[in-house]
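Heads up, there are several structures right after this.
Below, chain A partners chain B and then partners chain C, in two separate complexes.
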Partner chain A sequence: MTFILLRLTFYLAAFLVAASINFALPRLMPGDPIDIMLSQAEGRISPEVRDRMAETFGFVDKPLYQEYLTYLASVLTWDLGISIKFYPLPVAEVLGRALPWTVFLAGTAALLAFILGSWLGINAAWRRGSRFDAFISPAALTLQSIPAVVVALILLFVFGVTLRWLPTGYAYAPALDPALDFTFVGSALYHAVMPLTTLILTSFGAYLITMRNNMVGQLGEDHVMMATAKGLGDRQVRYRYAARNALLPSITAFALTLGHVLGGSLVTEVVFNYPGLGNLLYLGVIARDYPLIQGQLLIMTLAILAANLIVDLIYVLLDPRLRRG
Partner chain B sequence: MKKTVARLIAAVAAAMSPAAYAESVLNALPLQLTAWVENYNPYNPVTRLPSVQDFMFEPLFVFNTMQNAEPSFRLATGFAYSDDLKSLTVSLRDDVTWSDGEPFDANDVKFTYDMLKEHRALDLRNVWDLIEDVTIVDDHTVRFDLQQPNSGIAYTIAQVYVVPEHIWGAVDDPATFTNAPNPVGSGPLTEIRRFTPQEYIQCRNPRYWDADTLAVDCIRFPQIADNNQALVAAAAGELDWFGSFLPDIDKTYVAHDPEHHRYWFPPGSLVFFAMNFEAANEGNRKAFNDLAFRRAFSMAMDREAMVDIAGYGYPTINEYPSGLGRAFDDWNNPKVDENYGAFSRYDAEAARAALATAGYADRNGDGFVETPDGDPIAFDILAPNGWTDWVNSVQIAVEGLRDVGIDAKVATPESPLWQERLVSGDFDVSINAHITGPDPFVQFDGILHSRNQGRTRYAPSRYRNPDLDQLLDGFYATADRAEQKKIMNDIQMAIAADLPYVAVYNNPRWYQYNTRRFEGFFDADNPGAVPTVHDGQPERLLQLLALTPRT
Partner chain C sequence: MAEILRAFLRNRKAAVGLAIVIFYVVVALAAPLITAHDPNKRVARPHQPPSIETVMGSTRMGRDVYTQLVWGSRTSLAVGFLAGLIVTALGTLIGVTSGYFGGKVDEILNFATNIVLVIPQLPLLLVLAAFIGEAGPLVIAIIIGLTSWGWGARVTRAQTLSLRQREFIEASRALGEPAWRMILVELLPNLLSIISLNFIGSVIYTIITEATLEFLGLGDPLAVSWGTMLYNAQITAAITVGAWWEVLAPCAAIATIGIGLSLINFGIDEVSNPRVRTLRAAGAA
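Let's turn to the complex of A and B:
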């Protein structure tokens, strides 16, 4: 109990520190939102018009500490403000529209990469030294090292432009409206094929290698030898004895990745014009849209901290050795 | 189950039955961005949708730059200057109504101008710097009283979009008013059929006064985020009217459908190099203020390479000593080229010789010249990050300068920072551009008049020449074309003699089109008007009215 309370206090403190950094970071970047907005308007704006626009958007020069206090208050009341780039939409609405798409894309990709990578890793370890292992392990490492942007562009060019098998952008066909029917869901899945493939290809390698290494470690253990000696079948020993223990570090890695899911896979979303949180953050940074950046960073911070907390708790649950300690 | 089957049958039946009236929907891409936001306020310079001006709100008249700035009358039927050029009387068209049925009249015009006066944040054209008052003469006649005699005021008034008094009169803060969700307009397309962040469709105004000329029923605006996405959509034939930078356009766009995929790049804004006459570094400042140095700089510019390599051959070279540009060749003063033409052509040898004659020499052995007083000269040439054709042009410029012994380097700050630095004066040299107007006055005044120096990004040099100011001020003080031609000759001579900026080429007007579904697009054989689809180009209204669906 004390353990949980201590962890909670720690996470609360971490959150406050992260929130403060979230406030400072965007403001450290040179340039301010009004100038950037007006630069898009080809700059035929006189300084007087600019000043009046700044007033309208509430960008009068307030002392920094006042802005900081307003920011802290808004964080606690969850009033994220109005976006500058997508004026007059409130930040919560802008983020809310993008959130489901990122959760869908990055979440599904993380899950599938985990399952695929782990399963391949288990088999690679079981058949270590074989041709399968000799091929899949280096291949996975190579794919892991290729930047997501390269994979995304290659897929886009080959399947989207040259072969025209898959759509080149959007989360769903623009002519449709979001609804829970076959046409929309089908369109969403069809448009998700390439982004999902990109993300899976560039992330399953890590799970594979981790799993393989843990498995190899497990295979030397006594209880596995005993299981084989008892005469249990190949698959039984592989999954119920070895893999089950080897899975622990992988699961924690997976849980931590889930925390990063809400950061959005920025590059993939930009390449495929996917309306997710990563794309929004990218736009917000370019436009110095402070409310939007702050809101997005806040969500990311919360997600990562929550994932960390959950992992802490899961570990206690999954590993009986920790319960005693 | 029954319901699903019934729905399925209905869907199939609907798909199979012939449409009673086939609508023509044009796919246009006037702006690349990541999500559409509903904002139908023509006075919001940043977040308004790109189809609000000209298509939803019609101008009083449109000046056709390709036809010698001839006015095409839209909501107005004519205008007349008073003899002393201190007032302009505009006659409004009789049978115009707003899309909700209310009549359009002089009250709307006066209301709009008064609104701009009260909320100066909306006065994007700074029209109240030029006019004194707006008076209603009668229901369909308005008179503008001017502060100074100004024969060019019509050009400014053409860019002020009249809004309906019966809607906007009730608005508290017109600057933040989004005019959504049911905007009332006067232009050809006012009805919003569908709006999502990924696309929106704007359709015919049911009460458009010129409905017989309009053959396009709707325009569909897909959301496309950047040049790559635009290229993909264009190559697949999904866009009808757009204007994006497509590298190697013959291969990447035209080759996919040579019969229908077309483009045309008439010369547009003037691209030039600006030097900061108040630069912080002493050596740079002395050099920039020395005419001989500026001439050497200009002769070190390989303009052809910039056009062919940096611009893929799309821009139009500009070797006019005054920076006039080929589009305004009718205004050209041939004596200018006789006297100063040599300084605007690429000649590395001549540049080196000019520097040597003026006393620039490399005394400290670093390979680059110093000023006659011995101050070192070294500067960065700024280009906005990501504007690849400009960045490459600056690279070519730097190569040329280093070749003749001037220490220059490329720097690429982010676009908004670049603009900030130009306005604040925190730069040495930068590439820059100015839009062209109905006559060369717009670019010369915008770049070189002393009242603009340091106020906008277009006049960053801090160049002040009272004689030139006087000539420029006199241009619109007369309405006599011959008199104006004489003044423009003098202006060109004054600029060429002093070479305050180095013109290199005219940007292409980005314009691509697809004739598979529509025809009537303007091109080199049929230059009806400037055909670009972007916001800020009112002549696009004329292009829209010239389009017809192919049967």
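Let's turn to the complex of A and C:
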């Protein structure tokens, strides 16, 4: 319990840092911050809306610490102002619509990449020095050093534009309405093939390398030798003795690389015009929609923190030492 | 030292990687010699496929893809190495300080490192770049450098902590060596492989991230770099009209330099950590 409480305090601190960056940035820019924030909205928003926005972002005629508290209060009540690009929708609502798509895309990709990478890593380490190992380990590292934008553009060109096997954009066929039926889910999956492939290709390598190196370390341990010596089957030693222990550091690595998946998902969404947070951030950046951009940083930080919390909980389940106290 | 270097070069992955990186460095340095004109000059009709005059084709604006690629390598490499240096310097400084001094210093620095690690990098960079406006390559290098040291600091700290327990460190502490000498003479040489892994990794990360930021339109559109080439290709719908050369050239360049650098990293890892070697290397040892 203490462990989880400590982690929660840490996540709260991390979130406050993200909010403080948002608070500080417009104030560090030359010129009137509220003018900068709303520069693209000239003539489109009424004075009342402008005043309300000013208050949301803490531009009140008070000392700086009160401005900060005003801003924190709006953030904590999830009042992120009004989007300029999607005027008059509030930022929170615009983000809420895009969030499920990114959670689906980045979440599925992270999970599949973790499973694929760890499984390949276990087997590369098990057959250390085999041809499989000599090929897959450098290959994984190599793939990892190719940016998502490059993989996405190449996939788009080959399978989308030239071969026309897969749709080149959006999350589902434009004629469909979102619903939980086979046609819609099928269409959504079909549209997710290329973005998912891009994300998995660019992220499974890190898991493979971590898992391989942990596993190589485990294979030299006494308990693994003991398991082999008492005549346990190959698979049982590999998965139940070696891999099980090697998995713990891998899970930490998983939490750390989630941010990477989110970053990769950002560009991938832009290339495939996928209606998630990444694409929204891109549209916001082009339109210099600062309230939207700032809201993005907060929601993406929250997403990473939530994912980290889940990893922490899994860790508590897997490592009995953390359950004491 | 010379022995380490020889072992490093005998590693086939490291040698291939080094060759790729040196190739790009030479291309970047020789840019004025191997290209005929300014990279932003219009020299051909729009979207000409590769031919004798334009070996890699031309862009929508009639610019020569080859010339842009060669000049672009200057920007991409310079940004990569500069940010790599900043990241490594910060990461090493923070990691070593935190690991060596321990106590309150460690608590504070480690806390800061953990925070930097959980705030999503790319969205943060987008926010910074959006407020800065059209960020030139130098600004991009600096903001990447200042925001990406978390991983390096964490790894360096862990290694410093484990080194601090070793006997030779205990011995020199017992001899009363001052802290600066302990860090510079006893610790840093033993951290060399971690520091170089961190440096190369950061260069890869920066080249990728710079290209991504510019692709998203946050760079200075007049700068010539691989990222702005991708950006221009994207906004002129090069892929949809079938001008594959305009997209393929920068993609291939970014991918190969990334592969080259990561091969070097693989080599460093294998030379410094015999346990992860694959058969060829293990057999040779």
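The rule we apply is simple: the second predicted complex is superposed on the first by the 237 of 325 C-alpha atoms of A that agree within 3 Å, B and C clash if a C-alpha of one lies under 4 Å from a C-alpha of the other, contacts with A are read in each partner's own complex, and residues count from 1 in each chain.
Heads up, the rule we're going with is that a residue touches a chain if its C-beta (ideal position, glycine included) is under 8 Å from a C-beta of that chain, and two chains touch if they have at least 3 such contacts.
Computed from a prediction, not measured in an experiment: that's the story for all the values here.
By the touch criterion defined above, A:161 reaches both chain B and chain C.
In the superposed pair of complexes, A:245 makes contact with neither chain B nor chain C.
Touch criterion not met for A:108: it reaches neither chain B nor chain C. Contact with chain C, but none with chain B, is seen for A:305 once the two complexes are overlaid on the shared chain. Put chain B and chain C next to each other and count what each touches on chain A; the higher total goes to C. Looking at the shared chain after the overlay, A:20 reaches neither chain B nor chain C.
In the superposed pair of complexes, A:266 makes contact with chain C only, with no contact to chain B. Shared-chain residue A:74: touches no atom of chain B or chain C. Looking at the shared chain after the overlay, A:30 reaches chain B, while chain C stays out of its contact range.
Counting contacts by the rule stated earlier, residues 36, 156, 161, 270, 288 of chain A appear in both its interface with chain B and its interface with chain C. Those residues of chain A that touch chain B in the complex are listed here as 30-31, 35-49, 52-53, 55-56, 85-89, 97, 156, 160-161, 164, 168-170, 174-175, 177, 270-271, 273, 275, 279, 283, 288. Interface of chain C with chain A (complex): residues 13, 111, 114-115, 117-124, 126-131, 151, 204, 208, 211-212, 215-218, 230, 239-240, 242, 244, 247-248, 251, 254-255, 258-259, 261-263, 265-266, 275-276, 278-280, 282-283. Touching chain A in their complex are the following residues of chain B: 34-35, 37, 39, 45-47, 119-121, 123-126, 173, 175-176, 178, 196-199, 222-225, 228-229, 232-233, 235-236, 414-417, 419-420, 435, 455-458, 536. Put simply, chain A touches chain C in their complex at residues 10-11, 13-14, 17-18, 21-22, 25-26, 28-29, 36, 128-130, 133-134, 137-138, 141-142, 144-150, 153-154, 156-157, 161, 212-213, 216-217, 220, 256, 259-260, 262-263, 266-267, 270, 281-282, 285-286, 288, 290, 293-294, 296-297, 300-301, 303-305, 308.
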